[in-house]
Amino acid sequence: MWCWKPGAEMELTQLSLYDQAVLLFAAAILFTSFIMLAQARIVPMIHTFAWQGALLAATTALVAYVTEHPHLYISAVMTFLLKALLIPWMLHRLAVRLKIHREMEKLSYPSMTLLAGAALVVFSYYVALPIIHLSALVTRNTIAISIAVVLLGMLLMIVRNKAISQVIGFMSIENGLFYSAVVSTYGMPMVVELGIAFDVLVAAILFGVFFFQMRDSIDSLDVDRLNRLKEADDSSLRAPEKLP
Amino acid sequence: MTALWLMLLIPLTGVVLLAFIGHHRHAGWVNIILSSLSLASSLWLAVHVLANGPYLSPSRMMYIDAFNVYLVTLTALVGLTTAIFSRPYMQHEVEARKIGKRRMRLYHSMYQGFMFAMQAALTTNNVGILWVAMEGATLTTVLLVSLYRTPEAVEAAWKYFILCGVGIAQALFGTVLLYFAAARVIPSPDDALLWNVLYGAATQLDPTVLTLAFVFLLVGYGTKVGLVPLHNWLPDAHSEGPTPMSAILSGLLLNVALYALVRVKMLVDGSLHSNLAGHLMMGFGLLSFMVAGFFLHRQRDIKRMFSYSSIEHMGLMTFAFGIGGPLATFGALLHMTVHSLTKSAIFVTVGHAAQIAGTQSIEKIRGLIRTQPTVGWGLLIGTVAIAGFPPFGVFTSEFLVLTATMKSWPWLTVPLLVGLGVAFAGLFRHLHPMVYGEAPEGQVRVSANMIPVMVQLAFVLWLGIAIPEFLSKWFEQATVLISGSSPL
Amino acid sequence: MNTVALEFNLDWLMALIQTLLFVAMAPLLLGWIKRVKCHMQNRAAPPVLQPYRDLIKLFRKQTVIADRASWIFRSTPYIVFGTTVLSAAIVPLVAVDLPTAAIADVIVLVGFFALARFFTALAGMDIGTAFGGMGSSREMMIGALAEPVMLMAVFTLAMSASTTNLSEAVTYTLKSGLVLRSSFIFAALGLMMVAVAEAGRVPVDNPSTHLELTMIHEAMILEYSGRHLALIEWAGFLKLMIYMVLISNIFFPWGIATELTAEALAIGVVAITAKLALLGVVLVIWETVMAKMRLFRVPQFLGFAFLLSLLGMLTHVVLETGG
């Protein structure tokens, strides 16, 4: 059983190759989050997201092997099918059908965004420290990375104004949450994980339906154009809502 | 137990059934029948629990105790009354806005889907499944908010989806942290998410992790409750969707989200020895209460105005649950019930008012009492009730909360009273011309069944004057469960 | 007593030989890179020893100096060459634990490079031509962006090895065996990008261009001729070789000699030759695939390099230190 007492010094060179691989994959997952932040084109962003899902599945399988929790293999396969294959395929198909797959998004302040991302990583580490100190799991250092992936997904949603980028950010948040479940608790009970996977799948389908509705009603997928509803309702800006 | 399974299976069959026949002329009747069956099984369940005490299902996936049993019945009741309202209302809307068959199928099917998600969230013992059901509730209603396909509706639905989705993701992280803390003390990993097991082991859970978990859960479920500053989706979603949606979103979803929050707070209170969770809830609750009260004044759309009223009342309830003493908890539980009943009744009436006037804009709705007295009176009485006038139930619950505040946080009663006054002024300032103003030419009556509204308002009145014994017993049991001591 | 003195002298002799080897092999490396590049682009390649011939030609030529040139202009080639040779002296090429290893501090290395850059920039502005000034300002901009990246990348290494001494860091990496360090991978990538920027390779600067609008390094040394130009060019070759040696020996130190026996040294020479040849091929592939960037996109390029180095440091702190 690869457990370490909480508080014991975990020297990287003393870990087995598999444990080191888990940490390496964690760094790669973080890297994909940053790439998504810097990526302006939609199809490469979808591919990066698919890579993130694949890395996630690989990490889950590796953790399953190292810690002898066979139910994680099922989780790994499910994650791979859903997050590395199905959802990227759906997004790609959606982008092609909406004819946005060749668009380039104008990034506002890309360098500032990346620096903000780095700050978020530091913040996640700070937030995760009490948990890391308590955890006895071999993957405990990666808890900070999982929080960082969630926060970077949120940053992606905030700085982008194309709907599809925001959806990828949302899915990336779900990736980070799944990752946090795997590395902090070796996975939640299967029934809960199935429920969560189902929710994510339905959400992806609904987003697809949504994009068509958005395009039909405001003729673009630029979220900035969704600005008719305001906090203090100024009805002079709205079209009169008359029923025939 | 059969009542429990029936209560979950009926909406589920409804989803499938109505997906096929939802466009039919009589689909509304099918919806009503399903809802009445749900109500019947929930009453049966309630009677059972009243007689035999809390019930834990054999698989331990579901748990009914004093806290959620009356919420289950309330959900079924409001579901039924709204279904009754929805039938003629949606028929009118289909003709007026030319909603196609596919959308009607979607509407009816997702109506029952939403009911299923609500009941699942209320009855489950598994904190993870609670999350899944809450997210499911968002997913079922997203497409309904954009049902009318106007740019405003699509925008409202997008905001709803994204903001609630991201918020709920925070709650998932909180759940993971909770599981993390639980897995360290509870030997069997599959048990570590079961609420009754967690409640028993609450003192052993690590306080730091639980504080962190609570913050995330508060942000997450708080988004669905509509706490400021996470409330931006609420006025849009409640005003742009069809009125039956507004009624059940305001009346039910907010309640269930608050229920989820309080369940978690019960765990956190057992672990922490300070009232940190309570203080956080008080802060957010008070903020929502004050901000919503002020924003009420600036609204020009009648449904948005009442949505802000919902935010205000949910803020008050969160505040009360945050104070945590028995008096405040009793008040909050009572307030959950009466607010749900009153707000759904108001939205039903508002729906009719909008149909009469042909618009939701406050400036253009006039003279309701002359055109259709039942609607006018309904709106007037409903607003009076929600503003907290005695002898309605809202007054009783607000009075209890104020008393509790005066006992433990005396200087906070000032902002509470100010907020109540501001909201009262806002509501009546807008209401008066709507009900009593000069009716424009050519305003005609619509076919409106106001009986469910009257029944709900009468019930609220009854609760204000004299709470029936079975209910007070339930509230007392729930209060003991949540706050640890009895108010009486 | 005699043997100690002999050993002591032997160590210093080895250090001297290593430096000479470094200086002598730098043009060969450039020749190799040029040859591989031409092969890749299906062109006829110049012989591998061509850079030596170019240097000899330049040394024989007369130096022409403008009237307005100050002592800075005259002394810069010597300063630049001198500091670069000093840097070469402290970077472990074939063996670690040489006497020069005592001052082989990473910060010292960065300092040397900065000194060279400073004087080159001054020399570019010294004559007063427009191109010189333009080249100097561009070079300083790139330097200002690249230096933090390089420092970050080597600090990541230093944090793992708990020392900024190059020799000790290499020894540490050798002793740890095969360890998958994500911080090293990120730092290596960042350092490679910095190497491209500092050595003036594509996509930051095209080493073979003389188009005025695209020159950076060339613009600064445009006024030099004869032996001055030879020294500066040689220093340029040396700088590229230093970066490549740094990358190969810090991150892939296997083969380097830890003791001064003939056998170990021979293995060391073979190892470093192989690594440099391979790295040269990698550089050529990179240069062929990438197009030269607009000057205003260079900050983005270096910003990405900074991100990589930063990630390296962050992953080190988050993932690799004990919890």
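Letters A, B and C mark the chains in the order given here, with residues in each chain numbered from 1 onward.
Keep this in mind: a contact is a pair of C-beta atoms (placed from the backbone, for glycine too) under 8 Å apart; a residue touches a chain by one contact, two chains touch by 3 or more.
Please read all numbers here as calculations on a predicted model, not as lab measurements.
Chain contacts here run in a simple line, from one end chain through to the other with no loop closing. More contacting C-beta pairs link the chains of A-B than the other of the two pairs A-C and A-B.
When chain centres are taken as C-alpha averages, the shortest distance to the whole-protein C-alpha average belongs to A. Averaging C-alpha coordinates per chain places the centre of subunit B 67 Å away from that of subunit C.
For the pair subunit A and subunit C, the distance between C-alpha centroids works out to 39 Å. Once the centre of each chain is set as its mean CA position, subunit A and subunit B turn out to be 30 Å apart.
Contact with two or more other chains is made by no residue of subunit C.
In subunit A, the residues that reach two or more other chains under the touch definition are 135. Interface residues of subunit A, counted against subunit B in their complex, comprise 127, 130-131, 134-135, 147, 150, 154, 157, 163, 166, 170, 173-174, 177, 180-181, 184-185, 188-189, 191-192, 195-196, 198-199, 202-203, 206-207, 209-210, 213-214, 216-218, 223, 226-229, 231-235, 238, 240-244.
Considering their complex, residues 96-97, 126, 128-129, 131-132, 135-136, 139, 142-143, 146, 149-159, 161-162, 165-166, 169, 172-173, 176-177, 179-180, 183-184, 189-190, 192-193, 206, 208-209, 212, 232, 235-236, 240, 295, 298-301, 304, 355, 358-361, 363 of subunit B touch subunit A.
Residues 160, 176-183, 185-186, 299-300, 303-304, 307, 310-311, 314-315, 317-320, 322-323 of subunit C are the ones touching subunit A in the complex.
Those residues of subunit A whose C-beta lies close enough to touch subunit C in the complex are 6, 8-13, 17, 20-21, 23-24, 26-28, 30-31, 34, 38, 110-111, 114, 118, 121-122, 125, 132-133, 135, 140-142, 144-145.
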